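Listed after this line are the structures, all set down as structure tokens.
Two complexes, one shared chain (chain A), two partners (chain B, chain C).
After this line comes the complex of A and B, so read on.
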């Protein structure tokens, strides 16, 4: 029955109920839990093993086989490739993570409208999902490094440089998650083929960031792009922390403290811009009606 | 905190929405004006492509309007989205949404977090909703293993978690069997009864559902509201006069239909077969007369005239037009003609 106008249900304070940051943290944790349950398809260990173990090892074998054609496959080169290939497991997961989470929710789980219509922002939701995807990929990274040890790659004497590791690992992770967020905000506006864009970006980054070959192989102007990517310095930093040696050429010429500075500055710039770009992308998708419309409809 | 002028549950002014499609721009909404009071259950009835879902998406902050403005309890749906989202919720029918690998309880718990509920309070609400929908036996079941009806109950349970002031339901019972649809409707009614002022905006194809549930209905087509009012008001639009069907054994020989038409207050008299179609009725065991009257009171004169002529009265009923008839007259075609999905009830 209609009742007289104005008798709104129980009066509740409107402003942020428990503060924006607390709400964002709660959403981040909830979506991280979700990602843990759905990304690690723990019910299907065979699938998981194929994806997390066999695939990265197969690629590592492929790269090493190609490099060995020249006949110059010493342990230093293997070490260079192993760390690059290991870190890139995490890089590609984090770059593709937010886009795949948004598209999965739109196309496959069809939950995006219900999540978008909550007071929570899609930003912490996407970050939470991406962080977990990257962490699961971290397992692949460990497998690749383990394979390197078996192949006789000498690790840093006295174990990894923990101080450097603790500085480099989170900074680099943040920088790729931030870039992934931007890709997510762009791809959610697209209707078709949006799945493959982040993969194309991550493959390009793979070639640019010195993951499997030194920057000198690239043409001069392209080397500038490589040097501007925080990912390049992330991988180099991790090589120093794990192997205890510097890479040959431009990468190795960078002093470690300057490397840290570049990485920190790059990450800061990314996080200054990426949330805005993400929110702008989501708003644009909302305007175009792309948030709630899957490719099938 | 009650102001002097209290806001409407929904106030929409000149809402328009144009989509860019491959074949050129598509106008989904074309100047919708709507006011829904707190506590109403308001229905939007229209054929496929009328713009019902587009309207719901705009009001529930999923989509931006191209023109016009709208507010929910005084909060603008374009600019005050964070606040709007605290006081509304949304359920759409016909989509199999959900994370198949999560259990019912896990998915509800996740949404409770997204609604900003502290963990304990959220879990208490989750369990209360599971109980109120009577789905305790599936609370630890994976969503991939649920039936359509169970999924939709889960979807509804989610929508109640944040105690919304207004609930947007886009064809919520589509694909549900009769009993699941009834359960869902009962829960919606209970939700409104629990707290005065709780408002529901429902779109539907099902005439019976709209007629049974809604306080007021808007009939839309091609992005425009063709008519709105209570079900009774809408029916009166197609039939302003009182229409009775009177069954008698035979029309007395001394009488013609014209002589009945001449009685005071009588507008029309037509013979009608048992199946409702017009027919001569000669030789049939009972004749039905459809009698249109200026007002109910004129019926007495007709009955006494028939009785005086020797006719034996066998039945009298008042004939109400259906919403379907209203719809056909306004839209120009039946709702099922524009739709492959058959009416569930």
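After this line comes the complex of A and C, so read on.
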């Protein structure tokens, strides 16, 4: 369409975060559909389902086998591990998702240059990809919880605490996705081993967040770091919503309303910072020529 | 048109072609040996030139080890199990190398374009696989030692090795059986498409569970006993636990000698099957034109 004198064309700043909310929503939906196509169709549905079931159950079995070394297991301990292990499936997927999406597009499919050239913003694209990975992991989490029920884990009488669940679930998910996009913005600037950093962070968080053992087992100074992680409180909040009981030690001592406050404050801080860090990271990667680089790693 | 070769010149040429293509057994063995050394070289030397690889090869197992140790401590179990966990983590570093650096290697080489070079070079895939195995095992030894030392320093684990020779034999037999299985896995990965990464993941935690890596295979019941006969991790860690942590000797499923024999049989059987599978897949892949086709 020719530009007539007097009608200025719409200015769309070039960069990883541009356009209005409607543009962002369109990008997010499109990237989520793309992520489902990538994550969900690598095998026949029956194989996909088997994969989503076998690995998390093996993880759970591994931890329960280790716990059983210390003598017969009580259902409360199994419940603690089951919920922690189930929720961490989602944590891991959401933390690693944005980085893997960016690196997949940069190195494997070599499409990041095209995404960058379209009106889409990389931020909603990365969030969309991450949310789908987290949703697929959510299926595995349900399988693990189902296995726990079969093992006799006493769930909350009268079903899950829906009010707590509705408050805790999105807050925690947002905080993890926020941390994931920060990680993505950092890793896309790296040349070597960019794929490994998210897994290293995820493994460290697993160690710190009290997913499978109480925080008291960790050395004293490390417990402080654990308590500062929103993920720690997310898992504890979900334990309370699903099991109806509090965890032993520091985690259980926190009243639920304070737990919610900490989780909400942590999530707010993360989302205040993470988009800025992501944009800065992408811009720096672009300036350094890392955005379109194939490291063959 | 080029000039045609006739008479004595043609006879000489034919005889030269025969000489260069009909190798004696000795020459074939020498050539295979050189190929194995050439493929093992980057696994040992190249890996040492990239410190970040060493860093990540150590970070992941050590973090996993810490999780299991803290889990055990939360249950107040005997410290002997901590020592066993550290050994298991060191052994797992070999298994992870088998899955990703043996099994998935040809798959990655195909996607990055290197498999084309292997196929066109006068080297068999079997020799390359053996080179990867030997180089990989040598490269992982240093990582396994660092993991063990780190575990001992972090958690104060203690070992009582009465027979160091037997310990070395168990480690050697376990590693040989695992890498032998890796040759079989490389064929499976080579015919895999996008599912290869997921297949690799399935060979980690589920196999750690079945192999009784952190908890005795006895806790898995019949499935665990079956694993002793087909999964090298199971007899290797069971024997290692009995030899290096005598307090846990009573948890052993079979005597160490029997487990050594099982590992030896596995090494031979998996090696032969792997060699046959690789040759078959190479032949079928060439005929179908899919050997070098990228997965994605």
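Simple rule for what comes next: the second predicted complex is superposed on the first by the 270 of 297 C-alpha atoms of A that agree within 3 Å, B and C clash if a C-alpha of one lies under 4 Å from a C-alpha of the other, contacts with A are read in each partner's own complex, and residues count from 1 in each chain.
Here, a contact is a pair of C-beta atoms (placed from the backbone, for glycine too) under 8 Å apart; a residue touches a chain by one contact, two chains touch by 3 or more.
These numbers were taken from a predicted model, which means no experiment stands behind them.
A.B. asks: Output check: A:287 vs chain B and chain C. Expected answer is one of first, second, both, neither. What do you get?
C.D. replies: So A:287 only meets chain B here.
A.B. asks: Tell me which partner A:213 touches in the superposition: chain B (first), chain C (second), both or neither.
C.D. replies: Second partner only, chain C.
A.B. asks: Counting only touches as set out at the top, which of chain B and chain C does A:244 meet: first, second, both, neither?
C.D. replies: In the superposition, A:244 touches no partner, neither chain B nor chain C.
A.B. asks: Looking at A:62 after the superposition, I want to know if it touches chain B, chain C, both of them or none. Which is it: first, second, both, neither?
C.D. replies: Only chain C; A:62 stays clear of chain B.
A.B. asks: Have a look at where A:30 lands relative to chain B and chain C in the superposition and call it first, second, both or neither.
C.D. replies: In the superposed model, A:30 contacts chain B only, not chain C.
A.B. asks: Looking at the overlay, does A:109 come into contact with chain B only (first), chain C only (second), both, or neither?
C.D. replies: both
A.B. asks: Which of the two partners, first being chain B and second being chain C, lies in contact with A:146: first, second, both, or neither?
C.D. replies: Neither: A:146 stays clear of chain B and chain C.
A.B. asks: Identify the partner contact of A:160: answer first if only chain B is touched, second if only chain C is, both if each is, neither if none is.
C.D. replies: The answer is neither, since A:160 touches no partner chain.
A.B. asks: For the three-chain arrangement built by superposition, which of chain B and chain C touches the greater number of chain A residues?
C.D. replies: Chain A has more residues touched by B than by the other partner.
A.B. asks: Which parts of chain A are touched by chain B and by chain C alike?
C.D. replies: Looking at chain A, the two contact sets intersect at 43, 109.
A.B. asks: Along chain B, where are the residues that touch chain A in the complex?
C.D. replies: By the definition above, chain B touches chain A via 1-2, 5-8, 19-20, 37-40, 57, 60-64, 73, 82-83, 85-90, 92, 95-102, 106, 109-111, 113-116, 118, 155, 158, 162-163, 165, 195-198, 215-216.
A.B. asks: How about chain C: which of its residues touch chain A in the complex?
C.D. replies: 50, 52-53, 56, 59-60, 63-64, 66-68, 70-77, 81, 112, 193-195, 198, 201-202, 205-206, 208-209, 212, 214-216, 219-220, 296
A.B. asks: Inside the complex, what are the residues of chain A that reach chain C?
C.D. replies: Of all residues in chain A, those touching chain C are 42-43, 47, 51, 54-55, 58-59, 61-63, 65-71, 108-109, 192-193, 196, 199-200, 203-204, 206-207, 212-214, 217-218, 296.
A.B. asks: Flag every residue of chain A that touches chain B in the complex, lowest number first.
C.D. replies: Spelled out, the residues of chain A in touch with chain B are 1-3, 5-12, 14, 16-18, 23, 26-27, 29-31, 33-34, 37-38, 41, 43, 109-111, 113-120, 125, 286-289, 291-292.
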